[in-house]
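A, B, C and D are the chain letters, set down in written order, and residue numbers restart from 1 in every chain.
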Amino acid sequence: MEARSREILYNEGVAPGYFRLGLRWKGAGIRPGHFVMVRVSDGLDPLLRRPLGVYRVGHGTVELLYAVVGKGTEILSKKMPGESVDLLGPLGNGFTLPAKGHRAVLVAGGMGIVPLYMLAKKVKKSVLLFGARSAKEASVADDFKGLGINIKIATNDGSVGKKGLVTDLLQDEIRPGDIIYACGPVGMLKKIATIAAHAGVSCQVSLERSMACGIGVCLGCAVKASSHKEASNRNYRMVCSEGPVFDSEDIDWERL
Amino acid sequence: MGKAIVVKKKAGTAKAGIKKASGALSVEVAGIKFKNPVLTASGTFGYGIEFAPYTDLNLLGGIVVKGLSLRPREGNPGPRIVETPCGMLNAIGLQNVGVDAFIKEKLPLLKKYKTRVIANIFGETIEDYAEVASRLEDAGGVDAIEVNISCPNVKKGGIVFGTDPKEAFKVISKVRSSTGLPVITKLSPNVTDIKVMVRAVEDAGTDAISLINTLTGMVVDVEKRRPVLATATGGLSGPAIRPVAVRMVWQAASVAKTPIIGMGGIMTAKDALEFIIAGASAVQVGTANFVDPDAAAKIVSGIEDYVKRHSTTVRELIGSLKM
Amino acid sequence: MGKAIVVKKKAGTAKAGIKKASGALSVEVAGIKFKNPVLTASGTFGYGIEFAPYTDLNLLGGIVVKGLSLRPREGNPGPRIVETPCGMLNAIGLQNVGVDAFIKEKLPLLKKYKTRVIANIFGETIEDYAEVASRLEDAGGVDAIEVNISCPNVKKGGIVFGTDPKEAFKVISKVRSSTGLPVITKLSPNVTDIKVMVRAVEDAGTDAISLINTLTGMVVDVEKRRPVLATATGGLSGPAIRPVAVRMVWQAASVAKTPIIGMGGIMTAKDALEFIIAGASAVQVGTANFVDPDAAAKIVSGIEDYVKRHSTTVRELIGSLKM
Amino acid sequence: MEARSREILYNEGVAPGYFRLGLRWKGAGIRPGHFVMVRVSDGLDPLLRRPLGVYRVGHGTVELLYAVVGKGTEILSKKMPGESVDLLGPLGNGFTLPAKGHRAVLVAGGMGIVPLYMLAKKVKKSVLLFGARSAKEASVADDFKGLGINIKIATNDGSVGKKGLVTDLLQDEIRPGDIIYACGPVGMLKKIATIAAHAGVSCQVSLERSMACGIGVCLGCAVKASSHKEASNRNYRMVCSEGPVFDSEDIDWERL
């Protein structure tokens, strides 16, 4: 819980536009679902830190996995081993692990896979449903082999796994008593929330919102709570400090 | 021998320097002594306590808390923020826990730190402002009130208090008469002539003036052809606005009879010194807290280095601009 | 076979696309047709011809030349510029060769290019403005006049025409009656309510409105304790001001009856599109020309890509912002 | 005369805080005293290009020599061979070579040495007076060995050459008929202008001013002309397009 410069151990392309960033970081105290705020530049532009989930934790190391989508992640992707990067974190509330006897169904869309790795390590006998745009993106799922988790993939082009959407996989997969853990684009999460509600299973989603502070003070990352959660001045939840993981029932999906 | 003496002298000076420096940093604004001129800006530092894990609050000259209203406010729908070149827009919608919850839940924790506590307040009507101010005085533990007048007066068709000298005069007069606490008026930069606003709020009895609040701005999402912010426009802050802020502080200082607290895009001690030299008796650090939660404390130590290096005091620097 | 037809069709569409696109970019402002909505901003593109070695002037919708006055002006002492976060301040002091030398030496060269020529003018008195406008009409070859009203009226104790609706009305009325050329009024952003200024200059008969001119700012050299600029304050331009500019264009467009030309921090086609979608019929590229002398031409081609990709026209995009 | 991306061949520290930047650049058409406007970053901050003199020209290559003094040069110093950098130039009017029979006295302070290298190659039997802060900085003068130019150095600390100012060297060196070519800090140039005036010798100085455009259009880099050069609207000269080299008599040194 401090802003600190971390040494870069590696920063390698996984697939075109996807990078693994390895950092020296001892005693991070990171739980599944945690994220960090990364200062990509010492300069004034881009000004704000970028939120990135923690992917994997090793002995004295932490690995992030990120896609280059704009100028911040572009700058990050050019950093070299030996340089360092200023990180604030770990931040947020992570996933709540399933109670005994419940199967975890992990659902990821694209980079939404990130917070699920540490979760997958903790929840044995679970299944990962991964929706990727391409075979290249889908290759990230290889990291999950050997975790004792069942992996099912859907790609847009059908180049790997099933051709179609990950939510189609979920429709087939879901059983009473399961707990869904999902992260990915809003459209996907919305659909998953509906599927979960229909199936009557509990569902935790990790949300993304533009963030300035990451620590609950700027009030910039608000999402609307669903009406059963509304209170006089508590109609909004902060994704950074009250999330990024929420019970899908607590979110007003119409206004997201 | 001669050399040895010089060395001794230097060491002595250095130590005295450190001692002197703590006094060298102190300033007085609105009758309150601040141990240094660096405060944190409203809305960028929560209720203060959230930053305790990241910085030493005791190092700060003061903390200005998130704007407080009579009743709790839920704020605007999202998106509420968007990054801009060297800055950001926000449209938080003044979300806050309300003055009573602040007094009950936040203030007792904040009071424990050795720093000044300033409560930023706002209202939709003049009466709201006055009531919030008076409750804060009764609560005890608040050193001063900063009145955010960059809000629409709902009773006057939404005209913004801070862009109309008459409305500004009225609201500050009322707050002035509702509390014994020092009153700092926070001005909006979205005006033709800041000097007119300075005179209006001084006539109304303000004890000090702080500026600038955010400049109104907008970002358009060209793919969706919509404003990025749910409220269309928001307030621009960060280093992008610093030149405008320094200019306005300088203009305000040229006519003000009361002390000025400057802000707008301060990221470093050098930036803070621009404001002080241009006429500010103290500064506030805002958006920088998001980039580095320890920014304000670092600025304090950077100012300390500067005053030592120049064998001066912050008080001597205030308004020392040569033309 | 089926496939072949599809391919042929595609090729056909692409070619038609190119042809259509040139029409797709054209706009009309103040009764003048521009082949595309991208102009260069006054003071950032010299007298146009200086850029011929670096870019193809024929690609531009128009060129607005450096502000012209009745007599040549030598400008301010230096330093005249200073870089700021994502921007710069300038205090050139309106140095220019004077309207007569422009007509004699610059205009004949500039007229050779297939682009619109707009003469930006200013004066210290209302009479000066009128005289410059009338000489430019007589000269021929100027498509429109852009009136910079961000200047002090020396006869009125230095009050800036562009921050006082009455003065603005007077100067634009006078220019309007002194020339048959289309008149574009360039507004200052240093005002409380841009809508008031829009109404004033429309009442005075302007044919179009351009905004924003620079925001007034200042940078202090903390080591010398002096303003960096010799004139203390200067005009802030560049991407730092873009959110303020987009907001003002949007506000102006919400009340304006005449077309709007938007500017302030445009660096890319995406930036230009923000202004167009917010309500501008054309844009001007300023500071970006310093960073890349080919910037305006690149923006034209970026807008062309966008309208193709969205199968639309610039005319359809103007003010297409959904709320 | 165009803005163009140039491949970086090397970007090496010469002395602490001093770098040589080698670029692939064919047919540059560069004359002594020319400079370029360097875009140090594709981003928006720092926004403006940085003016840097051309140091040396090789076969299809150009070398710049620069000191890290602020954020722009700092960013530049981190660029790696293989990357490229966007340059506008060559720009400005260079030095006027001495007429036959006149000796050239080159006077440099610090990085003011840069525009004098190409000049030194053209003016045989001349002398270089170089004022440096330290032995490290003075080592740049080694490049001039073998050009057939007489080199005299002054350093602040006396670690190399004479202890003192380069203007002291000039006082001793100057003879009637010499032509002075000077570049360096304003204070130094001012003194040199006075020395030249007293000695009645002609003197060309290369000036530095903050620049936005580098091509004479922003009118930002103005310096005041001396009164004998004043005209109705011609009291200022643009350093980028009318300079950076001026006759020292044409400058109003009091207002610089």
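Definition applied: a contact is a pair of C-beta atoms (placed from the backbone, for glycine too) under 8 Å apart; a residue touches a chain by one contact, two chains touch by 3 or more.
Computed from a predicted structure; not experimentally measured.
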Other chains in touch with both subunit A and subunit B: C, D
Could you quickly compare C-D and A-C and let me know which has more C-beta contacts? C-D
Distance between subunit B and subunit C based on Cα centroids, please, to the nearest Å. 35
Cα centroid separation, subunit B vs subunit D, in Å, comes to 45
What are the residue numbers in subunit C that touch two or more other chains? 85-87, 238-239
Residues of subunit D engaged with two or more neighbouring chains: 44-46
Name the shape of the chain contact graph, picking from line, ring, star, complete and other. complete
Within the complex, subunit A is touched by subunit B residues 43-46, 50-51, 53-54, 66, 71-83, 85-88, 90, 92, 95-98, 238-239, 267, 287, 289-294
As the complex stands, subunit D meets subunit A at residues 43-46, 71, 75
Complex contacts: residues of subunit A adjacent to subunit C: 44-45
So in the complex, which bits of subunit A are touching subunit B? 1-3, 39, 44-49, 86, 88, 209-224, 232-236, 255
Mind listing the subunit B positions that touch subunit C in their complex? 84-87, 89, 163, 190-193, 215-220, 222, 224-227, 232-233, 236, 238-244, 246-247, 250, 265, 270, 273-274, 277-278, 306, 317, 320-323
